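One chain, chain A, links the two complexes that follow: it is found with chain B in the first and with chain C in the second.
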Partner chain A sequence: MNNRNKVTQDNQKHPRYGMVVDLDKCTGCGACSLACAVENNQQPATPDMTNRTGNTWMRMYKVHNGKPFPDSRAVFVPMFCQQCDDTPCLYVCPQNAVELDPMTGIVAQIPERCFGCRYCMAACPYESRYFNWWDPVWPEGMEKTLNPDVSPRMRGVVEKCNFCHGRWQRARAKAASEGRRELREDEYIPACVECCPTEALTFGNLDDPKSKIAKLVDDPNTFKILGRLGTKPKVYYRTTRSWVRNAVDRNIYSETKETVHG
Partner chain B sequence: MDKKLIVRGVTRMEFKKFITYLIPWFILLGIGLYAMYLVFRYGLNHTNMDNRFAFGLWIYFDLAIIALGAGAFFTGLLLYVFKRHEFKSVINSAVVIGFICYSGAIAALVVDVGQPLRAWFTLYRPNAHSMLAEVTFCLSLYLTVLAVEYVPIVMKNRKLKQLPSFLVFEFKLHKVMPLLAGVGALLSFFHQGSLGGMFGVLNGQPFAFRETVLVFPSTFFLFVLSAIAAGPSFILLTTWLVSKISGKRLVTKDVLMSLGKISGILLIIYVFFKSIDSLVWLNKTSPAVGFSAADHYGFAPFGIWILSLEIILLGLVPGLILINKKLRARTSWLLTGAVLACAGVALNRFVTTIQTLSLPTLPFADFLTYTPTWEETAIFLMVIAYGVILYSFSFRYLPLFPQERELHTK
Partner chain C sequence: MSKRFNRRDVMKIVGGGIAGMVFTPIPWKLIDDLSIWTQNWSWIPVPLKGDINYKYSICTICSAGCPVRARNVGTQPVSLWGIKNHPVNNGALCPLGFGGHHLAFHPARLRHPVKIVHEKNKISTEKVSCADIISLIRKNIESKQTPQTGNLIAMLDDRPGRTVSYAYRAFLAQIPNGTYITTGTDETDSMQGLYEILGTENQEYGFNIEKARTIVSFGAPLLEGWGIPGRMMHARKNGCRILQVETRFSHTASVADRWLPVKPGTEAVFALGLANVLINENLIDTDKLSYQSANFDKELKNYKECIAGYTPAYVAGRTGIKEELIREIAREMTTETPSLVICGREPAAGPFSREEQIAIWGLNFLLGNIGPGNLIVPRRSVPAGASFSETKLASVKKISDLPDHSIRVLMIDEAESGHAIPWQLIERKLVADNPLVISMSPYLAGMTKRADYVIPAPTQYESCQDIPPSFDSQTATYAVSAPFYTPPENVIQPTEFLNRLAEDIGIEKTNGSYTDMIKERTAEIYEKKRGWIYIPHNGRLIETADVFTGQQFWSHLNNGGYWIDEPLEQADNYSISLFGISHDRGSFEKALRQIDKSYPSENTTYPLALVPFGWRGVVDSGPVTPLITKLYQETEFRKGTNRALIHPETGGFSRLRDGAQTTIVTDSGELQVRIEFNDSVMPGVVHVALGPDQDSITGVKEVRIKENILSVCSLKDNGTWRMTPARIGTV
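Moving on to the complex of A and B:
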């Protein structure tokens, strides 16, 4: 159900990681954005940056129902790379800087190959790719907080969420040191999921029917944003409120306003 | 020295006057080079592009001048392959214009990408699925073809011609011209098409995404058609403009009329297919993914008028003007038709690049606008200044219009 189709062609069973965002639980606190920035060595914002040129892999949208008080309602929609199986950014990159890893189903961006043409950004319907418009600069002393598992990116290349690839590699190395090939469900989770105070984010293997995420994905209240475009995202959103579903699922277009946090 | 370099049998303005006329263009070139330094030194934050408006003025400009520069390959194809000998009188000028357009576009692209020194990687290990990889290959190869086509024109210079080895080389190059014209046409066909395909394949952008026809999206063929329709009009316009500025008769009117006629016929064919494409897109492709016409044309200022303007006023109207023999015979109508045709293709490229990015795809995202910074504008003007300067020198010292001497003595 819900396009939980496999990407891997070989006989070996690999996990296919995905995420479910529960919009009814998300309070828009922005802890996920912050955790993401710290984990992935995102360049700190400078006063020159705007919400359109800044770099945040996890972007928070505030969507209103468009009604006046007292019927006014708002929902926060965390938006990040949707890890599409039919990956629009992968097909367009002239330099092979985007790869869909058959081992995990994660769409990886290889900044060392990227020459910054930004065609992938034009291709992404989720606006989830970010360009380094500036040279990354960490204030004095702050460079000591850099995560040694993740390479900082240079100016002039594109980057995006990769489900904390550094964490996946660390988890794999640990498993290998214990003689295991498979990872346990709780062994690898991205930073945003780990720090979400309301547990609005659920991460796991979509191909494992026993996993928590697989059960959530099969729920009728779970849906994909822009699912009709056919890009087969592996990030799902969930809500029981019909107006939220209509506002973010493109069934009915309502007047909305965007504000960005983080 | 200057006089000895000028083509025999024609007159050119005084050298001092020539340089004075070029001074403003050199100033523009200088400002552009400074802006280029800023972008290379400090990065693309000197532009107003952003994470959603990933393409801006430069990409639009590239697409537009590459379309208008199509006159070079198309005139070459008509002359060398289809043996339309009347175009011999404009081919040299067309090659120079083509060279300027393509080299200018590549110069703008080099500034536009974040890490230009890594661009070789596309040639070394390309992603065969990427339309942009195809564009990179065809553009770089076709620029080489244009440079090789430019060489014999340079060698026809009065002084250079005196060197026997150059004369022999030029003669030999002339023998391969039909082959080069053929290769150039093939390469151009693919990169003009791929530039259209670049946007037609974007299944994540319903405004740009189109149905597939023979492996490629329909915009692939529409871009080729619109480029070869507008290309001859652009050659016509530049020839007329140079003639006006220099105050000389450069070609006979029938050549300009032939260019206009070809442009007109191709425009009508283009408008026919563009209309079908728009209808299929608005009624089938786009609604299938949940986007209606209102989603594309409901944001001011990009109303449905922009599509009507593109198809009717800047497509059908110039097409009808240019295929009408009586209208074509009158210079004012001929020029009007050519201007509208070029404006049409420029608008099409604008819609494809800028409108695509300004429209929101996410249901809760906003309609965005973008204004280029002075650096972006300066680099855009720099490419134009480079074109004017290179063309002016070529016009002064090289036989761009072989008919000029004959018309001059008359």
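Moving on to the complex of A and C:
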């Protein structure tokens, strides 16, 4: 029985966490990328690291409308693990190193099990998984600034966004100490959501009809990137501009991870 | 019947065993273990363990002064976050701010005074004592130099208004030829045109951004780091419209409501075109404006005549913006109100000239934006502290106003403005014969690499620092960045260095330690009992008058509190002049003609317009968090140094291909760049990125002075370098 089935067979009601990214609000400041790296102990690049070998759980794309000067327009698209319910990376992992957590719906990566075959990277249509090509090394002394809730991953494993799982653990421990089983809506939010200055990111329980995110998901302007693949991502994007929707959905999956042109 | 167990059977068993083993977990387990053994080494770090606690302070990376909440393990910060709903910045932090706690461990960090040895291809350091450096400065101060050979002892401070800035000025006032200078490349300088229009130097002004419904931005990177970034982000979130007047398809232009790509150098012409429409279509409220100028009717008549030639048709031809769109924008400025016009600057491309600034800021007068309760509001200055109010202070000068080859000793303050400063701007002011350059910086990076000696200063969160109001703040504010760390042993606070120097040359020292000076300044603010102090622990605003003692006020500030002044109801007397106080109509018109001629270049040798670009806080080459590679190197979200963006059409004319290595040639030299075709770039223009050096990100073994695009930009006498005629060299 795989992890996905556990979610459906468990009678206990658990949250199913997801996120909505409002592309009309995102200004491409990049704060989410840095906050994610700090929170999750992602190492800085070595001098020979490139945009194809880097490790950026929260990656920013600039998607163009495809029109030349002076009619160019662009939109910034934060791209990270889409936390699919029908999870291609889970199916292909020979090591059971990918887990769909029945308690949260979060797709977790277990580095201790991963032996770096990278099948999951090939399977992920969002290119949101990253291989650790280098030992995680920080400049001398800077290792003291690592987040104590997150272990640095070793070389040779795949890693990705896990909605700041360390924060979930922290929030759950706090709730348990107060005798609660359920978390309040604002009690657990990933680092990128906390730092976004324009509140372009909304996080919450998709199964709670009263939550802000559930209302956003019902909005007709909200869509899933590559929704046609049927992976049932729990990360949604939102825009009122049709060209943005078309350009993002059509082109985010490109052959390189460089700037995407519509 | 018995069968002998022969050699063949042994082989069969071994072979069968090996074949069978493939179907057992053993080989997989071995592969797994092998990968684990080869992945885990002693140098893979283990995070600190200890009590978790939170502390509050203020970021000092740039002059915005954003409040931060540090999550600590014991005394060690492990992450920095904004403070939600903070009245100063609404809780936003920029990407650089998130890595502020990394800077104390930056590989380019210096922990001892050093002499920099400039060799042919690299630079190295030798340890020296602070006394050696002091003795060298003393000798230079005491030597009798003639004015012809240059005799200034100068302090370059790109973040004026801090307590340390007043200490510098007090020190320099006491020594012969002491000169306090700024580069004039920071955002405050972009306000000078406004102050010229207002005819005031002593009255500070800020912006009521939150009230604006439309912002017409001339080159200001509003959504990438301008003023206090959180304010603009908040305004944007609340639906403020942005019309971006900028040649480059910048991040701000990409998401602005309208991108108005004017030809390079024609921003002022575009502003005058808008003014022409506003006046000639009677879109201005003359009754309201007449109160703000002594001779309003005459002033307006003069101005109208001066800009009569800037008709939409003419401006369309010069700027490349359609005539009807110019009219539409001008009308929109009076319908989508209140609308604010901002004269900004691209962080790498340098400031607008004073006359361009006057042309742009003048639109605010026509829109009735200036004065208490409007969008451009007067604010009080923050007192300097009792010691400095009474002390004679050296006046503030701009480096471009000094004669060439006039500085004999240059001391450079460690705090950078976040904006690019071409070294040539400074170099040409130094005497040709053996100048002495001393940097008071924590790092061997940026301008420090050009110095002769370095006094290592404390870095972020290592010492108590004060934060004067950001240039855009609508009221006076004051905060104190409380330290998290103790600085290394041989690190010297710049004021301490000045005191040692003062003692050596026999002049008056400052009172007490640097923290004492800041305390004194705080006491003066407290005595006025005005405004509020924001307490981050509980999110409350307390009236200053309700704080019982000065000590308590200091304690609040030293724990992350932020003092916010009351709005100023009445400004000092001012009378607006649309030509600026230092111009009459004739000289203004002459300057406009000069600006108008600047593009396109008539020089066929250099047919392209070179415009550098970059990101605030990164273009100054100072150290940044090594995690900035997430935006620069591990992704191509921001363009790295010497990446040249050109339109494919421009590339075609030059017979280039995408990704080619080539040279950009200007009158000032040539530079190797990598071409990137981008059809959002204006044809005929080349934008070259100024990004962080590797040594300012993760440090390098061999430190070198690397040439960047600023080395080949034409530096004008007024200290601007916004556009340079260029050509693309041979492939």
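We take it that the second predicted complex is superposed on the first by the 243 of 262 C-alpha atoms of A that agree within 3 Å, B and C clash if a C-alpha of one lies under 4 Å from a C-alpha of the other, contacts with A are read in each partner's own complex, and residues count from 1 in each chain.
The rule is simple: a contact is a pair of C-beta atoms (placed from the backbone, for glycine too) under 8 Å apart; a residue touches a chain by one contact, two chains touch by 3 or more.
Every value quoted in this text rests on a predicted model; they were computed, and no experiment measured them.
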Chain C versus chain B on the shared chain A, clash or fit after superposition = clash
Request  = State whether chain B or chain C is in contact with more residues of chain A in the superposed arrangement.
outcome  = C
Ask   = Which holds for A:Thr27: it touches chain B only (first), chain C only (second), both, or neither?
value = second
Inquiry  = According to the stated criteria, A:Thr231 is in contact with first (chain B), second (chain C), both, or neither; which is it?
reply    = first
Which superposed partner A:Phe76 touches (first chain B, second chain C, both, neither) = second
Ask   = Just chain B (first), just chain C (second), both, or neither: which does A:Val248 touch?
value = first
Message = With both complexes overlaid on chain A, does A:Lys210 touch chain B (first), chain C (second), both or neither?
response = neither
Request  = Answer with first, second, both or neither: which of chain B and chain C does A:Pro152 touch in the superposed model?
outcome  = second
Query = Which holds for A:Arg184: it touches chain B only (first), chain C only (second), both, or neither?
reply = neither
Inquiry  = On the A-aligned overlay, A:Trp133 touches which partner chain: chain B = first, chain C = second, or both, or neither?
reply    = first
Ask   = So, does A:Tyr119 touch the first partner chain B, the second partner chain C, both, or neither?
value = first
Task = Give the stretch of chain B that clashes with chain C in the superposition, choosing among 111-119, 291-299, 345-353 or 363-371.
result = 111-119
Query = Both chain B and chain C touch chain A; at which residues?
reply = 50, 53, 61, 95, 115-116, 135, 154-157, 257-258
Inquiry  = Which residues of chain C touch chain A once you look at their complex with the stated criterion?
reply    = 31-32, 35-36, 38-41, 43-50, 52, 73, 76-82, 90-96, 98-99, 101-102, 104-107, 223-225, 229-230, 233-234, 236-237, 249, 251-252, 254-255, 259, 261, 320, 625-631, 633-638, 647, 679-683, 694, 697-700
Residue numbers on chain A that touch chain B, as the complex places them = 48, 50, 52-53, 61, 63, 77, 79, 86, 88, 91-96, 113-119, 121-127, 129-135, 154-158, 225-226, 228-231, 247-251, 253, 256-258
Ask   = Touching chain C in the complex: which residues of chain A?
value = 25-31, 33-35, 37-39, 41-42, 44-47, 49-51, 53-56, 59-62, 64, 68-70, 72-76, 95, 112, 115-116, 135-152, 154-157, 194-195, 197-199, 257-259
Ask   = Tell me, which parts of chain B touch chain A in their complex?
value = 42-45, 49-55, 112-119, 121-122, 125-127, 129-133, 136, 198, 201-206, 288-290, 295, 356-357, 361-366, 368
